[in-house]
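Shared chain: subunit A. Partners: subunit B in the first complex, subunit C in the second.
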Partner chain A sequence: MNKADVVVIGGGPAGIEAAYNLARDNHKVVLVEKEKEIFGHMQTAYTLFPNFQDASEIRSSLLQKTKHGNITLYNNSEVTQVSRENDFWRVQTINGLDFIAPAVLLASGFKTFDARYKEELGYGIYKGVITSVEFEEMLKVGKIQTANGEKPRRIAFLNCVGSRDEKVGNHYCSRVCCINAVKLSIEAKKQLPEVEAYCFYMDIRMSGQFYEELYRKSQEDFDVNYIRGRISEVAPTIDNRLQVKCEDTLSQTPLKMTVDLLVLMIGIEASEGTARIGEQVGVNGEYNFSKSISLHTADNKTKHQGFFLAGTCKRPLTVPETMADARAAALEIDLYLKSLSQ
Partner chain B sequence: MKDLGFSISQSRTIDLDKSDLSAYRRVVEKVPSAKLCLMCGACTATCTARNHTDFNFRKVHLLFRRGQFEGLAEELDKCMLCGKCRLVCNRGVNTRAIIYNMRIILENLNYKSIK
Partner chain C sequence: MNKADVVVIGGGPAGIEAAYNLARDNHKVVLVEKEKEIFGHMQTAYTLFPNFQDASEIRSSLLQKTKHGNITLYNNSEVTQVSRENDFWRVQTINGLDFIAPAVLLASGFKTFDARYKEELGYGIYKGVITSVEFEEMLKVGKIQTANGEKPRRIAFLNCVGSRDEKVGNHYCSRVCCINAVKLSIEAKKQLPEVEAYCFYMDIRMSGQFYEELYRKSQEDFDVNYIRGRISEVAPTIDNRLQVKCEDTLSQTPLKMTVDLLVLMIGIEASEGTARIGEQVGVNGEYNFSKSISLHTADNKTKHQGFFLAGTCKRPLTVPETMADARAAALEIDLYLKSLSQ
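== the complex of A and B ==
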């Protein structure tokens, strides 16, 4: 069994930022990541809303932070068991690692909604239907194309896939996908100025700083079109394109349109790790997101001494929100560890 | 057939002070999920009756909610109560039951359909 001051579960933005801040405060941190690569969902990102910052800059900044002398990073080490042993937490991984520490930070993040559950949208059935994550990967390699390798003439983005949807059991809003659709449509127009971009929405939620401006910019400078209506049917055409149908609710008329790519703006759900560890420790809240002791006043603490939370294991958050939350968690843990040694 | 206001040049204003909003309350009593509709139009786009009519459930539902009953009974006759719209509704609205109850209430209010 290896001893540490803190075990941080998850090497995404939340886990790394918290580990780094704890390391700077002279705590010995073990950072355990399930995957071969760290960075969590920043791994596949191309640019970040709302300022189009290159995601590779974020990755190198995060990578640099993991190099701090007080951090020991373990990749390929999925945490499978977290338990309380006397005054300590025991954290065990799939590859036989076994740690004991007075404090644990859960930073096991989210997973994206599996779009196959929305059968009527044709994901996994028609090749032209892809997810926002797959579209971002296309942008990253500079190759926006259809399954036949052709340049798309028209791209549609559909909001709220797997969010705000009683049918899949997710009543909540995932918060990042509206602004992400604006970002992706602008990036699409930057790479393919000729392409027509359409965003289908139920409500446009531009609550963050600079979001509304970006929405406006997408209309003013990039000719992105917005249609208020939820696409409820997708069907292939004879020439291998896709026909989408919705009601154009503002003109109160049904609308159909042929597109080459339909990009589903998939929502955020608790990751499997978040759900499982939350269950073991007893901090699971709604939709398997982890629950802090007080949303307003102690959002990194749980009902268990020494067990802390940071980032999207709690709820959908943007990167800046995640990083701020991680720093707050580090501060709480620092105070906790100091209180133990007094 | 009565004009439902599909033409652009409608001169009507919805005067909520003078509209009968109690009829809709009766629909909600019978079908509480009616309150959850966020007017996304997925039901209208997928409606079976759309193949041969211009029926728009979302619009009829909203006009009824606002107490604008003129012409709605005729519109509702176009619905076959097949329930397909209910399958796509992501708010779990019992669309079919709303249609059924609107029909009964309109009949009681003497808004007769042409049938």
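== the complex of A and C ==
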């Protein structure tokens, strides 16, 4: 067993931001990441809403932070077991690492909804149906195209895929999809000015700073169209396009539209690591998100001394919210460690 | 001039949470509050969404935190001037206090929209038209009543008063009103089970954890009604009630309704202190909210060394978001102060 001051589980934005700030505070931090690459979902991001900052800048900044002398980063190190041993936490990984530390930070994040569960939307069946993550990757390489390699004439973005959906068991809103769809539609129009962009939504949830303005800008400057309604069915057309069917709930009329790409704005769920470790430690809450001891006054602490939470393992959050929460967690851990040595 | 390590401007949740955590980290903190009482807008809160925690518990917790030995709290001390003097910040107040410190935290918060600017809604004209803050005060004393002291038969809650409104110059969404209206309508039904409650909204923005569930619960367990539409006109009836006029944008039909109380969900604006100090220091952004140096990577820092931001002086935020942001700011300040002494 190797000793550390803190083991941070998860090398995404939350884990790195917390690890870095603990390291700056002279704590020895072990940062374990299950994947080969760090960054979590930031890995696939092209730009960030609402200011279109290049996600590669964030990745560079995060990478730099992991290089702090007090951080030891272990990739390919999925955590298999977290347990309490006397006054310490023991963290074991799939590749045989074994750490003991007075404090653990769970920053194991989220996973995206598996769109195949919404069979009627045709993901995995029709090639023109892709996820928001896949569309972001197209933007990254500057190649928005259909399965046949053609430029799409019309793209539809469908919100609430796996969110606010009783049928798939997720009643909650994933918080980031509406504004992300606005961002993606603007980016699409920047790369392909001729393309027609349609966003389908249930309620347009622009409740962050500059979101409302961006939503407006997407309409005024980029001609993005918004339709209040949920797509109920997708079918292929004879000429390799897709026909989508929905009800426009504002005009209360059924609507059919032919598109070349249907981008599913897939929701946020607790990652498998979040669910598994939360279960082991006993901090699982609703939908397997991890539960802090008090939302309003101690949202980085759990019922267990020395076991802390940061970021989207708790709930869907935006990047700035995640980063602030990670710094908040680092502060709590720093003060906790100091209290032990007094 | 008196010396401190940090001057925290604003004795609301953000200022107190940051001051407390800096104090725990052995920094000498001066906390200045312009009002006689601390707590900011938490002062008037009854319960907090989404878990209906009693706001008095939060106030007790915050009050306790201000009593830390490293914090000196000054009430009735509105800040009049913040200026840079060599490597220090100088903070002067209306009551003659004069501090010098290497770091300042601006936590000067928000003010609520003045509903009189929406003349067509009759606030300040008809007694049955009140603000969400006034309704919260009624809940606090357990007396929901009309101006004549009668139990209301029907209450309407109107969202987006001063938000998403070009006419009053506020394009942005205030983030907290939709869920707060859900909370208020449930509290109303708890205190007056016979009352009819109607919420008017433009989009129902339930994008926080447990918001969607609460919205659903309000309908299923408390019979709260939701109407998608904005009230355009309010007029008194012969029997001392109010007739409200709107268009139901889902059925696209005009609608008139008689109510006893119309509760205006007033939006969030930068407080006067936020605007004035931001102007003096040069950190004012859109709508006079204060601007950090980087939303995604340094959201508590400004372009000025030693001048930090926390909470709703930056943008509309919920209580948990504010508290996390305050801890994040405390961490940044702690590390900044340490860097100076190295």
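Methods note: the second predicted complex is superposed on the first by the 342 of 342 C-alpha atoms of A that agree within 3 Å, B and C clash if a C-alpha of one lies under 4 Å from a C-alpha of the other, contacts with A are read in each partner's own complex, and residues count from 1 in each chain.
In the analysis below, a contact is a pair of C-beta atoms (placed from the backbone, for glycine too) under 8 Å apart; a residue touches a chain by one contact, two chains touch by 3 or more.
Keep in mind the model is a prediction, meaning the values are calculated, not measured.
*Asks:* Which holds for A:173: it touches subunit B only (first), subunit C only (second), both, or neither?
*Replies:* Second partner only, subunit C.
*Asks:* Touch test for A:164: subunit B only (first), subunit C only (second), both, or neither?
*Replies:* Touch partners of A:164: subunit B and subunit C.
*Asks:* After superposition on the shared chain, which partner residues are touched by A:85: those of subunit B (first), subunit C (second), both, or neither?
*Replies:* After superposition on chain A, A:85 lies in contact with neither partner.
*Asks:* Touching A:296, do we find subunit B (first), subunit C (second), both, or neither?
*Replies:* Only subunit C; A:296 stays clear of subunit B.
*Asks:* By the touch definition at the top of the document, which applies to A:249: first (subunit B), second (subunit C), both, or neither?
*Replies:* both
*Asks:* Touch check for A:194: first (subunit B), second (subunit C), both, or neither?
*Replies:* In the superposed model, A:194 contacts neither subunit B nor subunit C.
*Asks:* Quick check on the superposed pair: does A:216 touch subunit B, subunit C, both, or neither? Answer first, second, both or neither.
*Replies:* After superposition on chain A, A:216 lies in contact with subunit C alone.
*Asks:* Look at the residues of subunit A and decide whether subunit B or subunit C touches more of them.
*Replies:* C
*Asks:* Does any part of subunit A touch subunit B in one structure and subunit C in the other, and if so which residues?
*Replies:* Comparing the two interfaces on subunit A, one with subunit B and one with subunit C, the shared residues are 164, 203, 249, 252.
*Asks:* Can you tell me which positions in subunit A touch subunit B when the two form their complex?
*Replies:* It comes out as residues 120, 160, 164-167, 202-203, 228-233, 245-249, 252-255.
*Asks:* Quick check: in the complex, which residue numbers of subunit C touch subunit A?
*Replies:* Contact set of subunit C toward subunit A: 21, 24-25, 48, 51, 53, 58, 61, 164, 171-173, 175, 178, 203-213, 216, 249-252, 286, 289, 295-297, 299-300, 314-316, 319-321, 323-328, 330-332, 334-335, 338.
*Asks:* For subunit B, which residues are in contact with subunit A within the complex?
*Replies:* Its residues touching subunit A are 6, 38-46, 50, 56, 58-59, 88-92.
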